[in-house]
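In what follows, a single structure is set out as structure tokens and then discussed.
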Amino acid sequence: MAVEKMSLAKALNESLRKALDTDPKVLVMGEDVGKLGGVFRITDGLQKDFGEERVIDTPLAESGIVGTAIGLALRGYRPVVEIQFDGFVFPAYDQIVTQLAKMHARALGKVKLPVVVRIPYGGGIGAVEHHSESPEALFAHVAGLKVVSPSNAADGYWMLQQAIQSDDPVIFFEPKRRYWDKAEVDTESIPDPLHAARVARAGTDITLAAYGPMVKVCLEAAAAAEEEGKSVEVLDLRSMSPIDFDAVQRSVERTGRLVVVHEAPVFYGSGAEIAARITERCFYHLEAPVLRVGGFHAPYPPARLEEEYLPGLDRVLDAVDRSLAY
Amino acid sequence: MAVEKMSLAKALNESLRKALDTDPKVLVMGEDVGKLGGVFRITDGLQKDFGEERVIDTPLAESGIVGTAIGLALRGYRPVVEIQFDGFVFPAYDQIVTQLAKMHARALGKVKLPVVVRIPYGGGIGAVEHHSESPEALFAHVAGLKVVSPSNAADGYWMLQQAIQSDDPVIFFEPKRRYWDKAEVDTESIPDPLHAARVARAGTDITLAAYGPMVKVCLEAAAAAEEEGKSVEVLDLRSMSPIDFDAVQRSVERTGRLVVVHEAPVFYGSGAEIAARITERCFYHLEAPVLRVGGFHAPYPPARLEEEYLPGLDRVLDAVDRSLAY
Amino acid sequence: MTVENTAARKPRRSSKRVSAAKKPTSSEPQLVQLLTPEGERVAHPDYDHHVADLGPEELRGLYRDMVLTRRFDAEATALQRQGELGLWASLLGQEAAQIGSGRALRDEDYVFPTYREHGVAWCRGVDPTNLLGMFRGVNHGGWDPSSNNFHLYTIVIGSQALHATGYAMGVAKDGADSAVIAYFGDGASSQGDVAESFTFSAVYNAPVVFFCQNNQWAISEPTERQTRVPLYQRAQGYGFPGVRVDGNDVLACLAVTRSALERARRGEGPTLVEAFTYRMGAHTTSDDPTRYRHDDERAAWEAKDPILRLRKYLADQGHADEAFFTGLEAESDTLAKRVREAVRAMPDPDDMAIFDHVYADGHALVDEERAQFAAYQASFSTEPDGGSAAGAEEGK
Amino acid sequence: MTVENTAARKPRRSSKRVSAAKKPTSSEPQLVQLLTPEGERVAHPDYDHHVADLGPEELRGLYRDMVLTRRFDAEATALQRQGELGLWASLLGQEAAQIGSGRALRDEDYVFPTYREHGVAWCRGVDPTNLLGMFRGVNHGGWDPSSNNFHLYTIVIGSQALHATGYAMGVAKDGADSAVIAYFGDGASSQGDVAESFTFSAVYNAPVVFFCQNNQWAISEPTERQTRVPLYQRAQGYGFPGVRVDGNDVLACLAVTRSALERARRGEGPTLVEAFTYRMGAHTTSDDPTRYRHDDERAAWEAKDPILRLRKYLADQGHADEAFFTGLEAESDTLAKRVREAVRAMPDPDDMAIFDHVYADGHALVDEERAQFAAYQASFSTEPDGGSAAGAEEGK
């Protein structure tokens, strides 16, 4: 049977397993991805089944992990790299920005860099510093990278398949606090394109655009708003680079209002890009300015404050109300 | 005499000299900053006059440079670090983002990090890869950092003074293709606050907001537009974090139109943040969507294409026309 | 006496490998040891004089430090289980490495720890409860590093080695008669930042000691995933000495660290100390070591316990009587109680603390967001005209 | 014969330092040399057999490689002066290091260069004009690395050491009988990436040779700013061998690199080769070395010229006659002419190339921006209804 209910974590694990099984060039690399199966168990059992040559525990050096993955890609491999937590991607940032993103262009297309960098990201799990960040804008600004984030198990399974099959480097942000959320996964369906947004809930009064962990919050907000008689459309953007602006435009042309929601700080965040572009595209359709709900311009706070820091139901609804009040 | 006409390069050099002279805790560190005086000669003569203990040639390791600067700051020094070119800041990105930006908050204010990271940035000098980039958004998104860029010699002198005196880490972007542009510098005047925007040219029909290398282009565009009977206001933002939104708002409330111009790629760039926020603040004042003129979503191209890639007079005027056509 | 690394030696003698012996190395690493696992004091020509000043009182002091540290650590683990802490990184097994090196420091020396140096913090006089804030989730550290010359815990592994090097460069510039010590783990030794700190400290001859606690594991990865030769040898290639010390021998750790610090203070530059020890517990309370290592390995290291061997020595030498040991137990209980109570009483930070200390000199956007958030929060308040859900509920 | 590093030896003998001798090191570094600056062949027990196969023809081949490379390099410098190139990084003085190591490679071996390995490129059969595109500013490299197993030039120093290591890990996975070589400079040796590549290659036993051209300078910084001991010793601390070779001796460079490559292919893992040489020219055509170094230093190294010593040897041994040398001069002229013409004929890229190859699988925004830019460009076209300035002018 191709349809099974599973958690996002399990879906990602199944997806890696399938990739390793199908393509001998696929490798899984990272810290503790072997026997431990990764700190979130996304690679659980893979080393046991595919061996140490395919599922590789690396030295603790993120630049080294991505740098050697680039070399392996040049040799014809398709490395899927795990960065243990969002806050630890920065030692690899130079390799990602100056090498991984640019080498294809540097070679005028003569080399391809099919490297996936998986990053569990975002807050909500009560963790210590550096374990709850949402740095997606820092990658989406960089040409040469593709940046995506699934919000549910089915997308987790399929988007990871597509990312691995992509000949471009993909930064794959996994919403860690949704790892244990279950959904039906049809491993034989034909998935949406990797970079297409999806209408997660149809509505007519206002559009909420989100991705990753915030899709669930937006769906809850939409349900709550419905009780107040407001019809809220929720778009799951799925991709932060490219962004499916056409889908957002279509929705905003109908609703006339847009709120973008993400965990990352609002300042210079993806909401800014969406607001700027959609305002340009839909200037005469917008009844209110595009509003943004997201993190504050502050380091991700200690765990006991994260409930306040993270955009939740109430903050989303507040923005919906503010938008509708225009 | 306190007023002297000098190049931006010379003004920066004088500013460093004054800081070294005034405060024994100020240090200058970087690759080739000693005998060579830096590849752009911004530190010319400083090691000769202040010695190797104050003007320090470092090993070729940017993470090491910023990381040791942090340690020196903890010891009470005020290091002014030079990154040789924009494209070489990324090996230091981890230290900047996870340490320099966050340590003050981590200590609940009990330590201060008065570190200035000087980065010659932007294109227009016909250089090879990695020597022409504008990565300011990648720093402005990060809380804990301040990000500024002077557009002229007088601001170069004073903003660097202020950055060095700041108890916060400041990423100081120097528009390298303006290094040789001269202006009057009054070394005894009272400067504007570091993060205040400045009206570089008053106008009534439309506002251009820019910083660093693009201010000159915008001023030229404004002059050209005047010949066509359009009154263009040019704001020199000077600071990308914080952004002086009040100043932009004041201007847009008068002109009703805004074009943001920068060299950095438009996608997820500072123009997005400005467009989003100003649209929210000035929703009923805007006669046209905020337009953005900037780099494309592509690696900075080889030198022979940079004239096309860089926003020039014509592309700014085109945006002015498009805005006015709304 | 310099003895061979016993973990590596046994399988060589029996000429077949036992599974727990996971450190086959090409060259036989030298391990500085002054106190055997059996509690026997052995002589070492290079290091004896560094502990010659230790009388019974000082030895009891070291013992007390280790016992109290272990007790504090156990209490913190318990507090995590009880939900009072979100996480705890136990130092169990590494007491000698931390107390030995920590007690080698002078007041004016400066420490850059990782996230596990609770024993070093103890030596610096940092109130143990101060360490718990970040693990409880009420702050990211928050203590004042300059009060005890003990920097904040650093979670991004290896970063602090550069801070230590820079700080030491500053110490040298100041002509101060002090030194700096940077702690990091075997796993962190692979980070480029650590290598760069070796380069910078060597080139500038900075007065810094790199103290690597090789506890054999970086979460699930054995040290072989980081190096194929003993870690202390890394220093050589950068032009400064490296030494491997028995990390479960508090005397040897004290002696070796004192020697390295003196060298630094004399202006002879950096030293790398590899304390060969063992992480007896899980990586953190979130970790499950049964997935990747065998119990027999742990058992082998239990026989080398740092506290037991000093206890034997103290008892054998008549340096401590039963009253001392029972008194210490009572003191441990008191400490544990104090910590427990302090943690439970630790208030959650105010919501608005999110906006505090982002900048030293302020930032317009932070001010704006703070004001907006305050207004937003106030909209849920109980004021009669509040239209929010909270207000409505209160108004029933 | 293993000789002492002569730069360091002289002052020791005279027991006072001359200013040009800027490498006082604690231990006397060993330098592998097979051909003295005077063109004398000296024996070396470890390395002689690695060049035993070289007959007169092969020796003339090495000579020819060095001469043509130098000539190409000089032409490129001239082309920069004439404005045909925006920049040039000259390899002058480093011909032996590059030709020696480059000729040690087999076809199936793979090279990761910096930005200065024009001689290695030559050995790989890369058309020299291919190298000039990036320096002219028409591309960022653009050649196909797999055609000659010669990767693109990498400007961010040190990065490519990791790519080489990863590639070598792949070679090992494939069970292929080949090896990888990574070039970097003395300055780049300080980068964390280089250290991490040492760690990874050692841990995975990757078949990679790290070839460090220590040309004494990193722009204006002498090697002492990067290390206080000879660089080849760095490898030791990571558990693999390091060797210093006379980088101006093409035979020694060939022998040492062959030996290291064979070791890699045998599955014995990485080797660090430090080629002790000298950057005779400026860092690049943008640099002004008079600001930071003395002429006498350059003069001392001129006496060790890599080409001259092989010429002497060839002549002394009767391996080459005057006809060979004059023939080679003519060949050099032809090469220079071909390069000059090719560069001058090198077209500027089409404006729209900005949008090419950003992604392999496309990206909606790139497509959108391409279309917008094309329309914008077209608005300046000469079409009668064009309202732009350009159109108006044309319409006059």
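So that you can tell them apart, the chains are marked A, B, C and D in the order they are listed, and the count of residues begins at 1 in each.
Everything below uses one rule, namely that a contact is a pair of C-beta atoms (placed from the backbone, for glycine too) under 8 Å apart; a residue touches a chain by one contact, two chains touch by 3 or more.
Everything quoted here is computed from the prediction, not taken from an experiment.
Undergrad: Tell me, please, which chain's centre (mean of its C-alpha atoms) is farthest from the centre of subunit C?
TA: Ranked by distance of C-alpha centres from subunit C, the top chain is D.
Undergrad: Does B-C or A-C have more contacting C-beta pairs?
TA: Of the two interfaces, B-C and A-C, more C-beta pairs touch across B-C.
Undergrad: How big is the gap, in whole Å, between where the Cα atoms of subunit B centre and where those of subunit C centre?
TA: The computed centroid separation for subunit B versus subunit C comes out at 40 Å.
Undergrad: Compute the distance, rounded to whole Å, between the mean C-alpha positions of subunit A and subunit B.
TA: Here the centre of subunit B sits 31 Å away from the centre of subunit A.
Undergrad: Where the centres are mean C-alpha positions, what is the separation of subunit A from subunit C, in Å?
TA: Computed from C-alpha means, the inter-chain centre distance equals 35 Å.
Undergrad: Between subunit C and subunit D, what is the separation of their C-alpha centroids in Å?
TA: 44
Undergrad: Considering subunit B alone, which of its residues make contact with at least two other chains?
TA: 58-59, 61, 63-64, 87, 90-91, 94, 98, 102, 105-106, 129-130, 143-144, 241, 267, 296-299, in rising order.
Undergrad: Taking each residue of subunit C in turn, which ones touch at least two of the other chains?
TA: 139-140, 156, 190-193, 196, 199, 203, 225-226, 358, 363, 365-366
Undergrad: Mind pulling up the subunit A residues that touch subunit C in the complex?
TA: 31-32, 34-37, 39, 57-61, 63-64, 87-88, 90-91, 126-130, 267, 296-299, 301-305, 308-309, 314-315, 318
Undergrad: Given the complex with subunit A, which residues does subunit D contribute to the contact?
TA: My answer: residues 139-146, 151-152, 154, 156, 159, 161-171, 173-174, 192-193, 196-197, 199-200, 203, 356-361, 363-366.
Undergrad: Please output the residues of subunit A touching subunit D within their complex, sorted ascending.
TA: Against subunit D, the touching part of subunit A is residues 53, 58-59, 61, 63-64, 66-77, 91, 94-95, 98-99, 102-113, 143-144, 146, 166-168, 195, 241-246.
Undergrad: How about subunit B: which of its residues touch subunit A in the complex?
TA: Those in contact with subunit A are residues 63, 87, 90-91, 93-94, 97-98, 101-102, 105-106, 129-130, 137-138, 140-144, 241, 264-265, 267-273, 275-277, 279-280, 283, 288-292, 296-299, 326.
Undergrad: Quick one: in the complex, what on subunit C touches subunit A?
TA: 86-87, 133-140, 155-157, 187-188, 190-193, 218-221, 225-226, 286-287, 291-292, 348-349, 351, 353-355, 358, 363, 365-366, 369, 373, 376, 379-380, 389
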